[in-house]
Each structure stands twice: as structure tokens, then as C-alpha cells.
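Down below are the structures I want you to see.
In the two assemblies presented below, chain A is common to both, partnered first by chain B and then by chain C.
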Partner chain A sequence: MTESRTKLGVEKGCVNQLVGTDEDLQRQLAQTILKEKKDFKISIHLATSLPLPAERDHIRPRIDLIVFMINVQSKYGFKNIEASLAHVDANFFLGKVCFLVTGVGRVNHCSVDMSAVRKLGDVYCSPLVFCELELEGIRISTAQRLLRMLQICAGHVPGVSALFFSSLMRSSNDE
Partner chain B sequence: RRLDMRPLKEAIAEAVVQLCQENLASIKEAAVLDIVYNHTFQNKRVWTVYQMTKATGGETDIFDFTAFKRKFKRRIQSSLINVTINFKEFEDNAIWIRIAWGTSYTKPNQYKATYVVYHSQTPYAFISKSINRSNLPLLCQALIVASNYGDIREMELRSHCLDSLKDIVFKRYSQTFQTHHPKPLQERNVAPENVDPRLIQEDKSEKERIQRVNREVFGDGPQPKLEFAQYKLETMFKSNPKMVNVSERESFRCLVKFSSPHLLEALKSLAPAGMADAPLSPLLTCIPHKARNYFKIKERKGVLAASLVSP
Partner chain C sequence: MAFLLRKQWALYSVTPLYKFSYANMKEYSRHLSAFVAAEKQKGLAMVVGIDLSIKVIFSTLLGLKGTDRDQAAILVQIASKTQTISGKEEEKVVWSGWFCCVFGDELLENVPEDFICLPLFLANGAETYTAIIGTWFQKTFDCCFSRLTISPLNLAWMAAMWTGYKVDSHAVATELIFSVPCIPQRLDISYAIHPEDAQALWDTVQNTQGEVTQEEVDLFMDCLYSHFHRHFKIHLSATRLVKVSTSIASVHSDGNLKILQSKYLIGVLMLLTELAILQIQ
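Up next is the complex of A and B:
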């Protein structure tokens, strides 16, 4: 959809989809991303689960990057994300999906096994990014990483495709 | 430099002792002071709720405080001489009773007194959890005799917050009413928090549904303050039949306890915070309506499913 729009002369844009049950953190991250300086248009869609409501399908632009926010302190949230993954079109898993993992710092409150999280990354061939979003500094650097990924996934960086980039990220994770 | 408070405390204590001696203070004054202290700091204790029922055909008499005190004291002292019993009435028609228990051979222990709060217009009494449960039957008898009731039973309702227990049994909290015609969702008067058009909330309707369900279940007002909910499971262990020895058809005993500084508010915030589905299990949401936070869950006969058992 975005392709045809570009042909019509509409400004090139990137669309980011955040999926996760922790609303406050999701919103904070989204606002941090929006604050970052960039030279392209961006819109961020927030949802707690997939599939997205069908009634908005006709006005929704093509999504460039899906970020699943996994909070290892919430088993309920993790199960939600596992269920949502089934609704994602296979094409996205060629580099346009990434897992953001938070809550690892508080070891006593972890309800989700780390091996289950890593397995998710393996099964869906998508990179895991670990961060603690409560701290502003880390939130900003995470936002910058995501923006960079978004640019690549939207095809704005010549010579680097989404698939290539994600395979780079994954091979470094598998050390 | 640390300020040494000890000489100051001792000086105050000595001054108080002197004052008491000069004014010929007795145990009675000390007991009443103890009641005042415990009334002010009532949330330090754990209170259990008791419900009294009228004997069949009993009439509602006009409450006579003097008669109440007399009958109460007489009933207890007829079984146990060594007791200290004191009463104090407070502004909200609450009668506080303090009982210090002794035995046939020992004087009353003033440091481990039991407190009872009774509202004369209601069939409820609140008893502070005492260590010595052997005196409880006598206390219960004295209560029903003094208040002209026929029977008393301990409810499965316990908390630190006495006012919240009263709110629950006196039905003073904002209750929800099951409507057959759900009200159209009112737009709340909230200033649009995020005007950024680049941020799009995809599941707005789901969020609104959660808010609506929450309001239906919990009501709009503040929840009564409870610290625990306890569920004792006496159900069969359900598993792969190959795993468990079929001859071992024993009930699987398990205790699930929820604790929180403010349990009901915490439950209310679970679905909006994205930590649970809405609506929550009725086992949790029935707590104020059923006026209980201690449950026993048994096997439903015939069908192997857990069901709620109330006495």
C-alpha cells in the first residue's frame, strides 16, 4: 500500500507496530521514538495483541516493522505474544519482526523462562533486543536502534535489506 | 550527634506514674486508655467478623447500653472470676469492649487483652484475633446473651482494616447493579493525553471494553481494604492418567493465597494494566458481595470440576 502511495507523490514514510500488554512502557517507548530527530515521516501503531481490528484495515498503511515487547515478568503477556505471532503474515519474518525483551534485571520477578524467549527468537528467525525501558538513557538508545532498524526495513537505506540486517543481528546473538 | 531520647521517655513515664498515683488512678482508667489507644490504632490488629442471628420470633428491642454491660459482665464472670472488662462507646455507635483474661488461679493478663467492637443497630461483632482461643466460646455466649440474639457464627472475613470490614458487611461501599440494559459508554472527561497524530492506538475499543467491564464488576468508588484472599483447594489432582497411580485417588490439598496492601484495588487494576483478562474470575470478584475472603473449593459431585462452596 505504501508503495502505491509513493508513486502518487505522497511523502515516503515508515510505519512501526508495537505489540505488547504493558501499555505504559509501550507508550513511553513510542513517545521516545517520536522525539528522536529523523528526516523521514514515521507513524507508530500500538496494540496489545494481534490480529489488529479488521475495521481499520482499509485506512492502515503497510507496516514496515513489528516490535513485540516481551516482559519476562509477565507470563500472561508472553502467552499473549505467542498467540499474536500466529496472526503475522510469513513475509514479516524475513527481517521485519524483532523482539524487545524487558524485565530481565529483576531476577526474582521473572515468570518467563529465558530459554523460552530465546526459542521464540530462533523459531521465528527474528532478533532479540534486551533493554530496561524505565531508564531514560537506555530508552533513548533503544529508540535509536529501533529507528535505524525501521529505516532499513522500510527500504530507506540503500544496499542494506531487512533480511540482510536481521541475519547480521542474529549471528552476533548466537555467539 | 544522636539525641538520646531515653532520659526524656523515662521522665515522661515517671511523671505519668506520679500523676496516676496522685489522682488515685486504677486499672479501670488504664483499661479505658488502652481502649482509646487501640481505637486510634485499630488497624494494627487483625479483626474477624462475627454475625449474630435472632432467635426465631425474637423482636427488635430498643438497645439499652446499661443492661448490655450488665448482662455481658455477668455471663463472663459467672464462668470466670479473674477477668477485667471495660466498655467505651464511640461516636459512630461503636461499642468497644476490652477483656483481659485470667484463669481460676491467675490474675488477668492485661497485656493480651481481647477487643470486641459491636454496633448495636447491626447483628455484627468484630473481634480482634486473640492468641487464646479457649476463651472464645465464652466470649461469644456473653455477646449473644447481652445483645438478645440467639446464635453467633464466625464469618470467613478477616482484615486489618476495621472500617473496610464494616463497609463490606454494612454494605457501605459503592455496589454495582447488574443491569439488563448496559448504559451507553460515557466519554470520560479526560483531556486528550496524546494529541500526536503519529501515534495510533489500534485496540481502543478493547480498552474501552475492559474499562466498562471493570466498572460493571467493581463499581466506581474506592474498594474496601483487604490484605488477603485465601483459597483452600480440596480437589482431585487432574493430570495425565498415566502419571498418577489410579489407586491414589486422594484429594490434592493446596492453598492459594493472594496478598497485597490493598487487594481489591490491585485486582481492579489488573486488566487495565494488561496483566489479566477482563472479566476476572468470579472467585476473585465475589469477595465483597459474598463478604468473605477465605474460601474452600471442593469437587463438584458427579462432574469433576471445582466449584465454590459456601456454608
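Up next is the complex of A and C:
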């Protein structure tokens, strides 16, 4: 977990929360995101499930984007995410939640039904982003996408709100 | 049909065969025999013993179809004449392969005129022979073979469905094998369930007779997983299901099948035909 120094209310900062059971992949993605060039401060928090421990509630900054990492090769991970979703405040689902779906490339190793994953995206009105994070090139482009989303969710892009952006992403998924 | 049982079959999906004719099977036999003999002379074969001749036999297998629209199954066998120590000539089948299509309606819908659809291919015998036969078919009928691999999701369907089939005698424990990605060495977990318990569980889960849903399969597997977790504190749902063995048949995710009972053969082939069709598309 890396923290940036933010002076209260002065500097522009964005907070990203990654949730998923595959800790290695989470860490790799977080590092890739941090390596990307950007002109704003970012802090990424990692967790294997929600809710986050209550003891740190008072010092936890406001979270701008929650990324749930679904690995279709693990039914256990998927169930974990389903349970975690119940603990997310409804306001987040107005564009501040995104599902990152990995592991689809190896068809033989799929333990989670794709229609169940799509249904999750529909039920929680949040976009699905498919990627294979083991490959560096794709990890970098995914990191760039997430950074862009994070900027929008934190309100740093004038004229584009989180809700508007997520509805754009979802309508292109349906086609 | 008994020769199909208790043998290890490697599964392949095959694209439709162009201009294959059931009437020309004798000619195909002659052609393929010559081809196999020629390939063997190239030094690719490995048979031990004195080979007098290799013969390829084409035949149709009756009764291995779902509907009348399905094409008749084709059996190809390689028989080799060897000389025994006592000087007698003995003909033995050294390799078998069969093509079939069971309830392949989905594929048959859009197929143009000159094509025969037999999407599922099963082979038993030396790999080198399988390669030779495959090459000949690909050259002659412009088709494509690929190994049929099965995902954990589909293996779970087979575990649930085959457990549901009622077996009169020789009921064997339902065994599931899971692969755990561990460094440095991969770990395999084998979970065996008494056949009556497995059947009882499936009976409570399944609602409509003759119809199986994803929810029912998921529930069946979840019950097995939570039972295992209660005893061993291991989450099997975080591992990968690689092999399913029941009284009906056993299948491995690499695409290896063994059929143990002929009673539900059509049901087994139906599932596999569906997977083969999905792989082709």
C-alpha cells in the first residue's frame, strides 16, 4: 500500500481501491498504475475483501474508484467479490465501481460462468473491463484506462461526471 | 459396442468433412492403408515385432446418433498382422478411432451441401498413428482436428449429470480431482464421494426431471465444496477441477475419456458433441 502526502483540501489527490483475492496480481497492477506518468497525486489501497477494517475508518480518505478484480479461474474469488459487494455504499454504484475481469484467455481454466459475470455487471450497473494482467503490455494499457477512469471519478475532468462516463462504457459493452 | 468401454479415448473436435461418402469406404480403406504403410517406411512408426502388413478398416457404427439428422458414426481401425513365436499369423487391432455426432442439431443447421458433420473424434492407440490418420483425413477431406479440452465449468456439469444417472450395479465412488497451483510443485487433491451420497445430494438439488440448470450444478458443487471445507478447511472453489470420475464415465480436462457403462453412452456423447461443436465455432 503506497500513500501520497496530501495536504488537507489543497492538493488534488485521487484514491483508488482494488479488491480481489489474487494478491500478487493486485500488487503488480498497483505498481504498474503508479509507474504511469500523471500530473496528480494518487493513492492505491489493496484489499482481499470488504468491508474494510473499521478501526481505520477515521483516517481513511474518501475513495474515488473501487475496482473489483474478478478472476474467472477461481470460483472462490468470485464468491468473495459477490459477498464484498453487499458492503459497498449504494452511492458508489453511480459510476465509481468497475469490474476488472481476468483469466478469460485460458478457456480451459474457467471455473466461473461468463453469464454470471455479465449479470453482476448488469445488476450493479457497473462496467466490465476484460484484460489479462500477466502480460506487461496489457497491464500497462489497463493501468492507463483505470487512471483515466480514476481522474473522472475524482472529478478532475471538467464536463465529464463519473455517472456519465460509466453509462458510456456500459452502452458500448452491450453492443 | 462393448469394445468402446473401458478404453482410454483421446478427444478431438473435427470440422465438417468435405465430400466424404459412405459408399466409398472400401476405397478409403485401401488408400489409407497405403498411406499408413508409406508413413511407416519413413521411419515414423514404432511397432515392436515383425510387421507383415498394416490394414485399415472403415466401418459404420450403428446406434451412435441422437436424432435421424445426425450422420452415422464412422469407425476406423488399424489392424496389424504379426507373426507369433510359433510362426502363426495373428491380426490385431492396434489403433481405433471413431467419429460421431450425437444431437448435433446446432451445427447441422448451417452446413452447406457437400459436408458431413461428425464433430467428435475419439482415438485409442499410439499417438503416431493418430497423427498419421489425422493428416490423411485433413488432406483428403479438408477438415481440421484439434484436441478437445474441457473447462472446470463443463467438468462440473458432467459430474452433476452423470451422478444423476441411476446405476444398477457396480456403482463406483464419484471422484473429483482438483489441481492446486503451488510453487514449486503442483498439488493434486482427490475428493471421493460415496455414490449413494452423491446421488442423494443430486436428487435433493435437482428440480425438474430431465432438465438441468447452471444453478443446480453450482448448488451441487457448492454443497460438496462446503462439506470439504468443514472437514479440511480448504476452499476447493479456489482450485481448478481437472478430472471427474463416476460410475458412468471418467473424463480429464486435457480431453481424455473412459466410458464405463454403455447404458448412458448417448448422454455422454451428447455432452461431448456439444463441447466439440462449441470448440469448432
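The definition used in the following text is that the second predicted complex is superposed on the first by the 166 of 175 C-alpha atoms of A that agree within 3 Å, B and C clash if a C-alpha of one lies under 4 Å from a C-alpha of the other, contacts with A are read in each partner's own complex, and residues count from 1 in each chain.
Heads up, the rule we're going with is that a residue touches a chain if its C-beta (ideal position, glycine included) is under 8 Å from a C-beta of that chain, and two chains touch if they have at least 3 such contacts.
Quantities reported herein were computed from a predicted structural model and do not represent experimental measurements.
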Fit-or-clash call for chain B and chain C when the two complexes are aligned on chain A: clash
First (chain B), second (chain C), both or neither touched by A:T21: both
Partner chain in contact with A:Q31 - chain B first, chain C second, else both or neither: first
Partner touching more residues of chain A, whether chain B or chain C: B
First (chain B), second (chain C), both or neither touched by A:S84: neither
Chain B versus chain C as contact partner of A:P53, first or second or both or neither: first
Touching partner for A:S74 - first (chain B), second (chain C), both, neither: both
Chain B versus chain C as contact partner of A:S166, first or second or both or neither: neither
Contacts of A:H45 with chain B and chain C, given as first, second, both or neither: first
Listed stretches 24-32, 96-104, 186-194 or 258-266 of chain C, narrowed to the one that overlaps chain B: 186-194
Shared contact residues on chain A - chain B and chain C: 21, 74, 76-77
Residues of chain A defined as touching chain B within the complex: 20-23, 27, 30-31, 34, 41-49, 52-53, 56, 74, 76-77
Chain C residues touching chain A - in the complex, by the definition given at the top: 149-153, 156, 214, 218, 221, 235, 237-238, 240-241, 253
Chain B residues touching chain A - in the complex, by the definition given at the top: 194, 196-203, 205-207, 273-277
Of chain A, residues touching chain C in the complex: 21, 73-77, 79, 107-113, 115-116
